[in-house]
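Look at the two complexes coming up: chain A is in both, with chain B in one and chain C in the other.
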Partner chain A sequence: MDLDKKTQILILDDEPIVCKRLKPALEKAGYGVETFTRSLEAMHRLTEKTFDLVITDLKMEGLDGMAFLTEVKRRTPDTEVIVITGFATMETARESYQKGVFDFIAKPFKLGEILDVVRKAEANRRQSQS
Partner chain B sequence: MRLHQFLETLLRRGRQKETEHFLTRLFHKLQDLWLKSFSRQVHQRETEYSFGKLFKKFQDILTANNEALELIADMGDKLSGEYIFDRQYILSVYEQLKAQVHNLIFDLNSLAPRKYDKLFNRFEDINEKIQQDLTGKWILPRGDAVIPYAALSQDMNELVGNKNANLADVKNVLELATPDGFAVTTSAFRSFLEWNQLYDQLQHLFASWDPEDETSTEQVAEAVEACLLNGKFPPELIQQIDKAVEVLQKKYQGEPLSLAVRSSAWGEDGVHSFAGQYKTYLNVPVTQLPESYKKVLAGAYSRTALAYQSQKGFQIHELAMAVACQTMVRAKVSGVVYTMDLSSPEEDNLMISATWGLGVPVVKGEAHVDQYIVCRTPPHALCELTVVHKPIMMIAAPEGGTKYVPVSEDMANRPCLITEQLEKLAEMALSIERYFKRPQDIEWALNQNGNFVILQTRPLNIMRQPGCSMDDIPHATDNYPLLMHDQGVVVQRGVAAGQVFVLSDNADLSRVPHGSILVTRHTSPRLAGVMRKVHGILTDVGSPMGHMATIAREFRVPTIVNTKVATQVFKTGDEITLDATQNRIYAGRVRELCYHEFTSEDVFEESYEYRLLRRILRKISPLNLVDPHDNNFNPVGCLTLHDIIRFIHEKAVEELVQSGDKIGTSDVSTKRLKFDIPLGLFVIDIGEGIRPKTSCHDIRPEDITSVPMQAFLDGLMQPGMWSNDPVSVDFGSFMSSLTRTFSTTTGSPRYLGRNLAVVSKEYLDLSLKLGYHFNIIDAYISDKLNDNYAYFRFLGGVTDVSRRSRRAKFIGEVLEQFNFRVEIRGDLVVGRIKKLDRPLMVEKMRLLGCLVGYTRQLDIQMHSDEYIGQHLDDFLQRAADIKHRSEHEES
Partner chain C sequence: MKILFAGDDHPYSAYALKKVIELARNTLADVTILVVAPTSASKDVDIPLSPNHALIQALHRYRQEFIHELGEAGSPYAQERFSYEWKMVKFGLWEELKVCRGARKDLKIRLRAGHPANEILAEAKKEGSDLIVLGCSKGSQCLWQDPADVPQAVVGNADCSVLLVKEDKPIKRILACIEDSTVSQESLEMINQMATIHKAQLELVGLTKDGAAKQVEYTRLIEVGDYYGDRGISVKNRLAEMKEFEAVISKETDEDLLAFWMGKKSLLSVLFPKDWMDRFLSTCQSSVLVLR
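And then the complex of A and B:
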C-alpha cells in the first residue's frame, strides 16, 4: 500500500467530536486524514504539506474558517475546500463560493453526504489536473 | 437600600445562596404580578374575543406542538450515528425546543387565563436540570449517593463509574444475569470528601507530588490513603447505604448477605482499562461494608495506581471513585473470556479461561487454569483445549473473606466446563461485545444453580498496526462481492458479519438463531423480542422513525430499513457482512471491516456528545402522562417536556370546546353530523369547513367542505373497513357497546359526552370516542406543502393490558407501513406525518379513517400475538383494494 497515492485531506473543526468521527470514516474510505481543532496549528501544517482536500468549519475561536480557507486557496488554488457549518446563511454561503469553495454542507450532516461530496471534489480535482 | 446595592452587599459577603434565593423569590413575585395583570387583560379581552380569535390561539398551540414534537424526533434520529453532530447542535436544537415549549405554556395560559401557570414551574424545573447537563459540570457530579443496579444506565457513568454502568447495561439492556446490588456513586465520594474536609488536604498533597520521583509517589500515596481510611462517614451517606443493604436483605431472606465490593472509577473500564490497578474485596459481611468502601477509595491512590494514572495522563482531580456493591456469587466455576484472541486476531476465535471456585486466581494469573479456544462463529466449536491439574480452589470463607481449599483428585484433572456451557458462554460474550462495539474482557461465574453470571466487562484494547493488511479497507473489500449498497436508510450504524435469517412477517420469533442477521419484509415493534439475539437487521419496507428504529438504537444493532429488496437479495444461510456505517453489504465475512470497527478511534456511543444528547433526551422525550383520566394527568405529573407538550395539547382542545360553549354560537356554527354511522358527532365550523346552508342544525357528509375531514369520513365509510367482518365480528355487540357508551355518557365530562370536530377548509381537529377507544386527529391540508401535517393519537382502555398493547402494536405497525412517525407507550399510539403534497395528505387522512373504522372492532379479538400479523395483512389488503378502486374510479 502506497501512502503517497492516497488523497490527502485536512480537517479543521474546533469541536473535537467532528474530527473524531470524520477521521475514521474517511480513512475507512481510503483517504489519508489529518485533523486539527485549532486553526493556527492547521495553518502551520499548510506550510509543511500540501493537501488535496480541506474540510473546514466556519465559526471558530481565533482565526475563523473563512480566513483559513482564503489562505488555503491563496497557497494552493488546486486544493478543493469543503465548508461544514452549523450557522449556514445565504450570505456566508455566497461568500464561500466566491472564494472558490467546492461545496457547503450544513451541520448536522450524514456521513454518506460528506463522503459523496468528498468523492465529487476528488473527481473534480482529477479532471482539472488531467 | 436600592436593589442592586442590596444584591452587591449579599454577594460581597459571599452569601451566594441567599442571593440566589432572593432572586428566585423576586422572579416568582414578578411572574405572579405579570400573570395577574396578564390575566386581567385576557379576561377583558375574553369577552371581546370571538371564538374565531381564540381558535387562532389554539392553532398557534397546535403549530408549536407539532414543531416541538418534530424537534424531539430529530434529536432522537441523531442517535442513529448516521449524522455527525457537535455540541453546538445540541445547544441550538434545545434552545429551539425550549422556545416552542415556552410558547405553548404561554399560549395555553392565554386560552385559559392563569389556569395552568404551574406549568411554568414544572418547565423551569426540567429546564434547570437540562441546563446543568448542557453546561457540562461533570467533575464530581451531584446526584443520588446510592443507586440500585436496576435503576442504572450507561449515561450515568460519570456518576457511577464505568464498571457499574457497563454492568448495568449488561443487566438492564442485554438482560443477562449479573449480581444484584447497588452503586455507591461519585457523588457519595464527593460528600465523603466534603464531610471530612479533605478537599484542601488532598489538593495540598498532590501539589507537592513529583510523579517522576518514586519516593514522592510513595509518600503521597501513603498520606492520601491515611486521610481516606481515617475519614468518617456523613450520616446521610451511611443511612443511604444501610437502606440499600436492607432492600437486598429483604430480597434474599434466609441467606446470609455478603458482598463483593469493587472499585468503579471514571476512567476505569473505559478506554483505559486500569485493569488490576484498583481494589476488589470479596465476601464482605454487611457489617464491614463501610470499612471496605473506604479501602476501595484509598485504593484509587495507592502507589501503583498513582503511577499508572500519571503515566496515562489522568488529571488527579478527575479521579472520582464510585464503588460497586454486589451480592456475592458463590461460584462453582469462574473465569474470564476474551472475545478476541489477542495473539492472533486473524484467527477469529475467542479465549476462555476457567477454574474451580472463585475467579480471583484467574484474574490475578495466580492459578493454573483451563484454557479453551472457541470459534467466534456459531455454533462456537471448540478448537483447542488445555486442561491443567487444579489442586486447590478459592472459596468464600464462612467468617468473611476468601480462602483456598483442596480440590478432589477427580475434579482436579477434569475440565471445568462442558461443550454446551462453552457455547452458552460464547453467545453471552459476543452479545456483550456486539453491544459495546469492542472486543471484551469479561469476568464470569457459574453459580450453584448452573447459570452463568457476568461479574464485570471492559473493553479489550487492541492496537491497530499502522500499514497492516487488516487496515486497508478499500483494498480488502475489493475481494468480496458487493451485494447491495446505498439502498434504504441507516437506522443504526455499525458493522455485523453473520448468517442471514429471513423471517416472514408472522413467523415464530423463537426460530431466529443467535448472532444472525435478520432480514424481514416489514419493520415491526414485534422484533424487539429478538433484538438482543441478532447482530444486524435489514428490512424491505419501514420507517426510520418508527418504534423499531428506537429499539434498534437502544440495543445498538446495525440496522438498515426500507431497502426495498433485502428479502429478494438474501436468503437464509447466506454469509454476509453488513456495513451499516457505509451502507454496503458484502458477501462473506469481511474480517477487515469488523476489525476496523473494533479498532476505530472512538466508539460513537461512548462519545461525550452522544451521551449528552441521550442524557438530555431522557428529560425530554419519555411520555409519562398517558391517560387523561389518570390522577397524574396534571402539571405536577409532567416529568418531561414531552409530558408538558402532551398535557397542553389535551387541555387546549378542552379549553377550546368549553369556550365554544361559553361564547355560544354567535360566529360559530355547531352542527350535528347525520349519516349511516352513528358517531354522534358535532361539528364546529370556524371557516369554510361546511357548505354554507340554511340554519338547519343537521348536516350530511356531503356538506363537509373541510379537506381533511372529508378525506377522513371517506375512509371511515369505506365498506371494506366498516361492514365486512374480518374475523366474525359481532356487529350487534359492537353497536351495543357504542350505544351504552353514549347513552350513559361515561366518557369524560369535558367533552360533554359528545364527539366533536372543529373544522375549517384546511383544518380538522377531531376528538372521537368510539366504543372504548379514544382518538384524536389533528390535521392541516392545503396547497402549501410545508404547512401540511396530520397527527393521530389513539388511546384504548377497558380490556386487559396485553390485548390493549397488541392493539397498539397493530395500529403502530399500520402507521409505520404508511410512513408515519410512530411512538407507542403502553396502549397509547401517536402517529405523525407532515410536508406531503395535498393528494398524498388526503390519502393519509383516508387511511386514518379506515384505521379508526377498523380498530373499533379489535378490542375483543386480540387474543394472542398472532392476531397482530393477521390483522395487519387483512388491513393492508383492504387498504390496497380501496386504493385500487379509487384509482380505477378516477381514471
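And then the complex of A and C:
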C-alpha cells in the first residue's frame, strides 16, 4: 500500500494510554498515525508535515489543546480537528466549534465512536476539497 | 460518550434527568431519552399510547427540560440542523418529512413497548451506550413503580456502566470501592467526570480479603490515587475488609455517590450470594454508580 495515500492523523494527548489505545485501532482501520504526549513536540511536527486529521486533548501541561487547535487551523485550515477531553464545558465547546473543530468527544469513549467521527471528518474533508 | 436516560413518570426519574443534564453539560454526550410503554401496548401501531398518557407526557417534559437547559443558540444540542427524511406512513406508502436535529450532538427521544428492563438493555446495546442513567426510590429501597425490579435488572445485566439516582441531592463525596478485579480506563474516566462535575471529594476504598491486603491491591490503590491526583482531584485512600462492605456502604449519607466495579471477575460477585447486588443497592442510602 502506498503510505502517502493513507489519511494521515496526528494524535496529541498527555495520557499515554489514550495514544496507546487509539494508534493501533486507527492503523488497523487503514490510517497513518503519529502520536504525541507533549504539545510542543506535536507542534514541531506540524512544521514538518501536513496532517489530514488532528485528534487532540484540550487540557494539557504547557501549550493547551485550545492553543494547539488554533495553531493547526492557522497553518492548515483544511485539517479537520477532533477534540477529546476528560472535562468539557459549553463555553469550551462553543469556542472550539468557532475555531473550526469538527467534533468534540468526551471521555470515556469507545473506539468505535472515535472511528465513526474520524470517518465523518475524512468524508467532510474530501467533500470540501472536491 | 453516549448516555441513555431511561425514565418513567415518577419523581425519581425527574431527579435522574437532572443528573443527565449535568453530565451532558460537561461531556457533550449524545443523549437518548427513553420511556418504555407497558407490555400490553401494541407494537404495530403508529403510537402505542395516547398522547395524554402519563408516560408520553413525561417524555415530553424530559425533552423540554433538556432543551430548555442545553438547547440555547450556539449549543451543540441547539435544534437547528434540518433535513428531509422519508418515513413509512403505512405499508407501501411513504412521506417525506422535515426533521430537526441537534446542531452537533444528538438528543434522541425514544419510546419502546415491552418489559422496561429488557427494553432499556436492548436500547443501550443498540445505541452502544457508555452509561445508563435511571432513577429509583430513595432510602432503604431501590425500586421502580412498575415493575419494581427494573433498577436491579438493569444493573445486573447491562454491558455498560449504570448510574442509579436515588434523590435530588448534590454529590459531595464519591466513595469508589476498588477490589481485585480489572479497573478499566473507561471507568476511571467516568469517575473523573463525576468528581470534576460535582467538585466532589474522592475517597478510594481498597477492599481486602481476610485482613491482609496483597501487594497488588496496595499498588492498584496507589496507582488509581495517583491517576486522580495528577488530574487535580483531591483523593483519600483507605482499606476495608470485603466482608464489611455492606457495613461500609450503610454508613454513607444521601450526599455520597457509591461507585463500585462489577466486572465478570469481580470478587464481590464471587464472595457474596447471588442476590448481593440487590441487597447492596438497597442498603446504600446514596446514589450508586456501577462501573464496567
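Side notes on the structure shown:
Note that the second predicted complex is superposed on the first by the 130 of 130 C-alpha atoms of A that agree within 3 Å, B and C clash if a C-alpha of one lies under 4 Å from a C-alpha of the other, contacts with A are read in each partner's own complex, and residues count from 1 in each chain.
In this section, contacts are C-beta pairs under 8 Å (C-beta built on N, C-alpha and C of every residue); 3 or more make two chains touch, one makes a residue touch a chain.
No experiment lies behind these values; they were computed from the predicted model shown.
In the superposition on chain A, A:L111 makes contact with chain B only, while chain C stays out of contact range. For chain A, the partner that touches more of its residues is B, with chain B and chain C as the two candidates. After overlaying the two complexes on the shared chain, residue contacts for A:I17 are found with chain B and with chain C alike. Of the two partner chains placed by superposition, only chain C is touched by A:M90; chain B is not.
Contacts of A:P77 after superposition: neither chain B nor chain C is touched.
Residues 17, 21, 86, 107-110, 112 of chain A contact both chain B in one complex and chain C in the other. On chain A, the positions that touch chain B within their shared complex are 1, 3, 13, 15, 17-18, 20-25, 27-30, 86, 107-112, 114-115.
Within the complex formed with chain A, the residues of chain C that make contact are 1-2, 25-29, 70, 74-76, 104, 128, 130, 185-187, 189-190, 192-193, 196-197, 231. Against chain C, the residues of chain A that register as touching in their complex are 17, 21, 86-90, 93-94, 97, 103-110, 112-113.
In the complex of the two chains, the chain B residues touching chain A come out as 78, 82-89, 92, 467, 472-475, 486, 490, 493, 581-583, 596, 600-602, 604, 607-609.
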